[in-house]
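Heads up, there are several structures right after this.
In what follows, chain A forms one complex with chain B and a second complex with chain C.
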Partner chain A sequence: MTLTGTLPLLRTRRYGSLLSVTGWVAVTVTLVVVLLSLLAPVLAPYDPDFVDLSSVLGGPSSAHLLGTDALGRDMLSRLMFGGRTSLVGPLIVVAASTVLGLLLGLAAGWTDGWISRILTRVFDLLFAFPALLLAMLAIAIFGKGLMAPILAMTISYIPYVARLTQQLVVAERSRPYVQAYRVLGFRTPWVVLGRVMPNLVPTVGAQSTLNFGYVLADLAALSFIGLGIQPPTSDWGAMIEEARGALLGGHVLPALLPALVVVLIVVSINVIGEELSDRIGGKLS
Partner chain B sequence: MSKLLEIDQFTLHFPGRGALLNEVSLHVDDGEAVALVGESGSGKSLTTRAALGLFPETSRLSGSVKVQGLDTTSAPAAKLLQLRRNRASMIFQDPRAGINPVRTVGDFLTETLVRWRGLSREESVERAITQLEQVGLRRTKEMMRQYPHQLSGGMLQRVMIAAALLDSPELLLCDEPTTALDVTTQAGILELLREQQQARAMGMLFITHDLNLAASLCDRVYVLRKGEVVEHGAACDVFLSPQADYTRQLVGATPRIELDKVPTAPAADGTMPLLSVKGLGRRYELPGGEMLTALNDATFTLAPGGSLGVVGESGSGKSTLARMIVALETADEGELAINGRVRAPRPLRARERKLLAKDVQIVFQDPYLSLDPRIAVGKAVADVFRLHQGQGRADAVQSARELLERVGIGPERFDSKPRALSGGQRQRVAIAKALAARPKLLVLDEATSALDVSVQAQVLELVEEVREQLGLTILFVTHDLAVVSRLCAELLVLQQGQIVEQGPTAKILSAPTSDYTRTLLDSRPRALWEEQPA
Partner chain C sequence: MAVTQLAAPPAPPTPATKKSPTAAPLALVLRKVGTLLITLFFASLIVFFSRFVLPGDPARFLLRGRSPKPEALAEITKQFGLDKPPIEQYFTWIGGILHGDWGRSLTYRQSVSDVLLNRLPVTLELVALAAVFITGLGLIAGMLASLNKGGWDRFILITVTAAGAIPPFVAAIALTALFAVQLGWFPSFGSGDEGPSRLWHLTLPALALGVTFIAFMARVTRSSMNEQLTREHVEVATSRGLTRSSVVFRHVLRNALGPILTVSGVLIAGLLVSSAIVEQTFGLTGIGQLLVQSIDRLDFAVVQAIVMIIVTAFVLANTVVDLIQPLIDPRIAAGTESR
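Here is the complex of A and B:
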């Protein structure tokens, strides 16, 4: 006799599964893309930078499953290698902004005094800056490449994590179990970092999963306008940009394929993030 | 003649959880008040909802639930809608959950009249106002323009009753309609329900976990346990000579005031009081700048080994007092000393808090919220031993095992997360956690009011036991005089932040000097067959 009666969350989805069918499809898509990218050096049929001017803009064939681009490079290989750069950027941004956002959010949510007020204002200020704009500013200062946008994106995604954490902490602070810790005489840092923070991680993690999709799209956009990854390194955003000329000439695939992959992975990750936060949100309320 | 409500061999299966209701049979005749008594999880709400044709999705049904001959298990949606609109109404536990907070009381009441009865706006307003007057509300014209948050819980529950009565139902279903209310408010609502039920000759099915309530309102009673009716009959028969074991246990566990069983305080021997409170006050600033005095000029002492009950309704300041004693809040004025140490009038520093923890601990009301959901119960208790008794990991685990065993949590539960435990078990763990700091004073803030009666009785027993064994001093904050009468030798009655009466429990209960204490005593539900207060 467990307490299902008091835990309606266990029954929100009919079979008690963590994700819906759509969710599992999204997980599968994400895993396939990540695995193909990770294993690119082993699996890719060609060197992604190998220029073969004899087969320029070739359609799909047995030699080139997804065709070739304007320089005759194998599209499949470039997409697989492109995933390595396109996925690693968002990964760094999400990891860094989650850790920093969590800590700043805890600080802002747990205290009542000036620390909280200043941090809250800083979050507000950062919210006012579009991430892309901040990234361009960073690029203007530090130059093109992967590092400047990653730094800028990390900063602009911190407030999303921090604000959420802050709200959760404020709610958590007044819960009886936290007050019980205080009355029992446990020190605040131990309670906050050791006991409260782990309870927030699932919710914050769901938000960060969502962020991953947005960051990936933003970084691809930066590469597309030529500010991110520089040629010849393959990157999905850069690939779309390079294929613009071919697009005008009626060759759709070289631009369409990387765009499709970006859409596919962003949608998949958003679906996962939404479902996770729905699940966990329901659990916390 | 067909019965008003007739449930016959009704079984409700829910996939994965078995039969939630098992061959339940009950009936309510025209104009009859019937109580359905059971603890949480007994299926009493499911039964009531079944009468309106509301079944959990994916459940399998058998048997029949007939309202005036209409079987709700098989009736088409249109018929059910008609039933809910015209013939049956329901009142829920929490009036605030059942009303749209952004619309006025008037909108709420007239909506159904305009849409379903085809009344004009003026006619519906008139009918709504008459109805509000009937349920004992005053200044009804203004109330029609007010929003739910402007009304108290008791007033709002009256509005909900008015809404239920607007349809002139023949069957009124009440699902714990007074559980969220104060005793004095509850008394008024019960009076109103009794009056309306008799005046309209309505059939009423009254769901409650409280035997006393059932007895004060209903002629016949069904006792439900784990989805099965274990006993039914005339209310006085069931309560005075219960047949089923479960009913007997329930009747035994129901707290009542028995003056000869009230504990007496140990003779004062001039030792220093463990807790001494002098002129303690706490004010809050309300939005808008107004000041609310939560507690004013409270003065009392509690001797080592004593037991003090602090009784009051919501807003009396009893929880504020408890929270100030454990330093979750800081007093605005007055002095508080525990174990000879005078409390600094500011938030405590980490060192002071750790010291204080060995003097006083608290057990909160809701055991579902007061345990960290992620931490296994054994570890939660062991952590306290490590902090306060300076024990190593292995020793702390051993101490935690012993203490948990002592409060009735076996070693097989040591690694369980709180969610795997029942409410009573969780409260035992919460008590163990508090005791692990080896405090001298234990504050219990409504520590049993979220529990079922039978569980409450067990937890009270546990508190009594550890009090005797460990020589603990107890401060029990509650709204329930009966609970206090069993546990506390001394009593302190709070009303709106003021102490209105204090002294030995037996004396106060037998001869209260303040009007308010008398009102509290008189508001306790009284069985229909007992003498009613004049």
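Here is the complex of A and C:
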């Protein structure tokens, strides 16, 4: 169902392909980073936590391609393993908030009565809590780590997906095909989930792609200020924090490399998300 | 206007709220203020009752990480009224907040409001300086891009797109590496003394805090100006022989201000959240750093107070923007869309 919903989008009039050249570069960068992180146990040259005090803060060399940090740990290996913790958080948040947001948005958009009104109010209320702030409140209650911010950010991002879905559903409801299914007596759940939802998936997917970048940056920031993933676990945000001492001592690389990776992946995801929503938006209008 | 989140994509407007065509200004104000109060009420419920999601003894929760003696447990029970039903605890808390009694900090052993008042100036100065950078640099970059098609426009757009994806903590690290460590122009730590020294200490943090928003502001300004530049009234003004600066400032920029203002209200409130990270990075003694430290030291009364302050600022900024909009563009008050 999802497949038939997205297939027509793989070709557009102007470019003959879904994304521009920049877009495909962004996709390539993202895939490389994801693959390197996934395959870290196989590909990483060193144990990411292996401390070697004889090669502290070494520059790039044949033994350590990206140098070593203040404890002599191999930067490349830590970056690869760090990707696993840094990417899994946003992935969970985006997946959960997309599914829940879609369902709540469908409910809010399809109904007219009190369910719709209450849901709309709840979305409005949640917008009053910036995601990072709700995450901090959750950490204050459940303690540091990944669990509390993931929970809080999922809740924070649900209204973004839900409100978009709600708008799309309201527009979709009056379309002839929906009327036709209704007249023919198909059951509402079947029409909504089986026929309407697949039409929303591309647009909502573009929004969720953008959300991924924001969540990744926020979770990295939380690890950076010491409230998220705790050292010695390698995580991009936590790595930057750990490297601050070395940075002030003039060793730029251990802090700059993870920072660069964060920016690279966030830029790539933003480019992909924006191009997707432009293409889909153009198609819809 | 919907409340949007700072770094997140703009929230689509609520489909349900349609303005009645003859909304009187007073009715508009009253409705906005009413919505504000209701939102704040429910937000306070979330902030207060959030700690009830954890099972177990609330006194032990509030004293986590410490070795509670029986008298400490008794004191905390008395201070928070933990022996009373939750509803009554809530009304005591919210009543206290409205009267300026924000409870006591476990770490500082003084009232939360005193701790906050000590910390507030640095945060306000930081946010104000960042706001100056955002409005100044963002407006200038956006106007330059809009008025100079071709090379400049492309250059600014690319720079701005890249800068927009730099999270504040990464910007903080990059700025520290370049301007504090390599060049030594600015200090990397501390908030300095009052006066010029403070400004010098706050420059890098304010830039780090503002970088995403400078980019955002530049993009909004650019597209808003671009849209105005194609309008007939601008063509008329130009063909009447008005000077370019007069056309730009009186006819284009003024009309482009609506979207810019909407964005800045949301941004400035959002700055308060990000300031937690920037203050922590640069060792500034503001309420953002206090929030991070209080989470770290399990000082829950302070966390609740700061979260409530930031949410209030966030909601308030949005309401103010909503109320100012009609003053800039009277068509909004009349209920017709501005385009």
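Rule of thumb we're sticking to: the second predicted complex is superposed on the first by the 270 of 285 C-alpha atoms of A that agree within 3 Å, B and C clash if a C-alpha of one lies under 4 Å from a C-alpha of the other, contacts with A are read in each partner's own complex, and residues count from 1 in each chain.
To be clear about the criterion, a residue touches a chain if its C-beta (ideal position, glycine included) is under 8 Å from a C-beta of that chain, and two chains touch if they have at least 3 such contacts.
A quick note: this is a predicted structure, and the numbers were derived from the prediction, not measured.
Using the contact criterion defined above for the overlaid structures, shared-chain residue A:139 touches chain C, although it does not reach chain B.
In the superposition on chain A, A:113 makes contact with neither chain B nor chain C. Between chain B and chain C, C contacts the larger number of chain A residues. In the superposed model, A:131 makes contact with chain C only, not with chain B. Once the two complexes are laid over each other on the shared chain, residue contacts for A:263 go to chain C alone; chain B is not touched. Across the two superposed structures, the residue set of chain A contacted by chain B and also by chain C is empty. Those residues of chain A that touch chain C in the complex are listed here as 109, 116-117, 120, 123-125, 127-133, 136-142, 156-157, 159-160, 163-164, 166-167, 170, 207, 210-211, 213-214, 217-218, 220-221, 224-227, 237, 240, 244, 247-248, 250, 252, 255-256, 259, 262-263, 266-267, 270. Across the complex, chain B is touched by residues 1-7, 14, 175-177, 179-188, 195, 198-199 of chain A. Residues of chain B that touch chain A in their complex: 17, 40-41, 58, 326-328, 350, 353-358, 360-362, 364-366, 368-375, 383-384, 387-388, 419-423, 430, 433-434, 437.
By the touch criterion given at the top, residues 2-9, 11-12, 14-16, 39, 42-43, 46-47, 50-51, 53-54, 161-162, 164-170, 173-174, 176-177, 180-182, 188, 270, 273-274, 276-277, 280-281, 291-292, 294-296, 298, 300, 303, 307, 310-311, 314-315 of chain C touch chain A in their complex.
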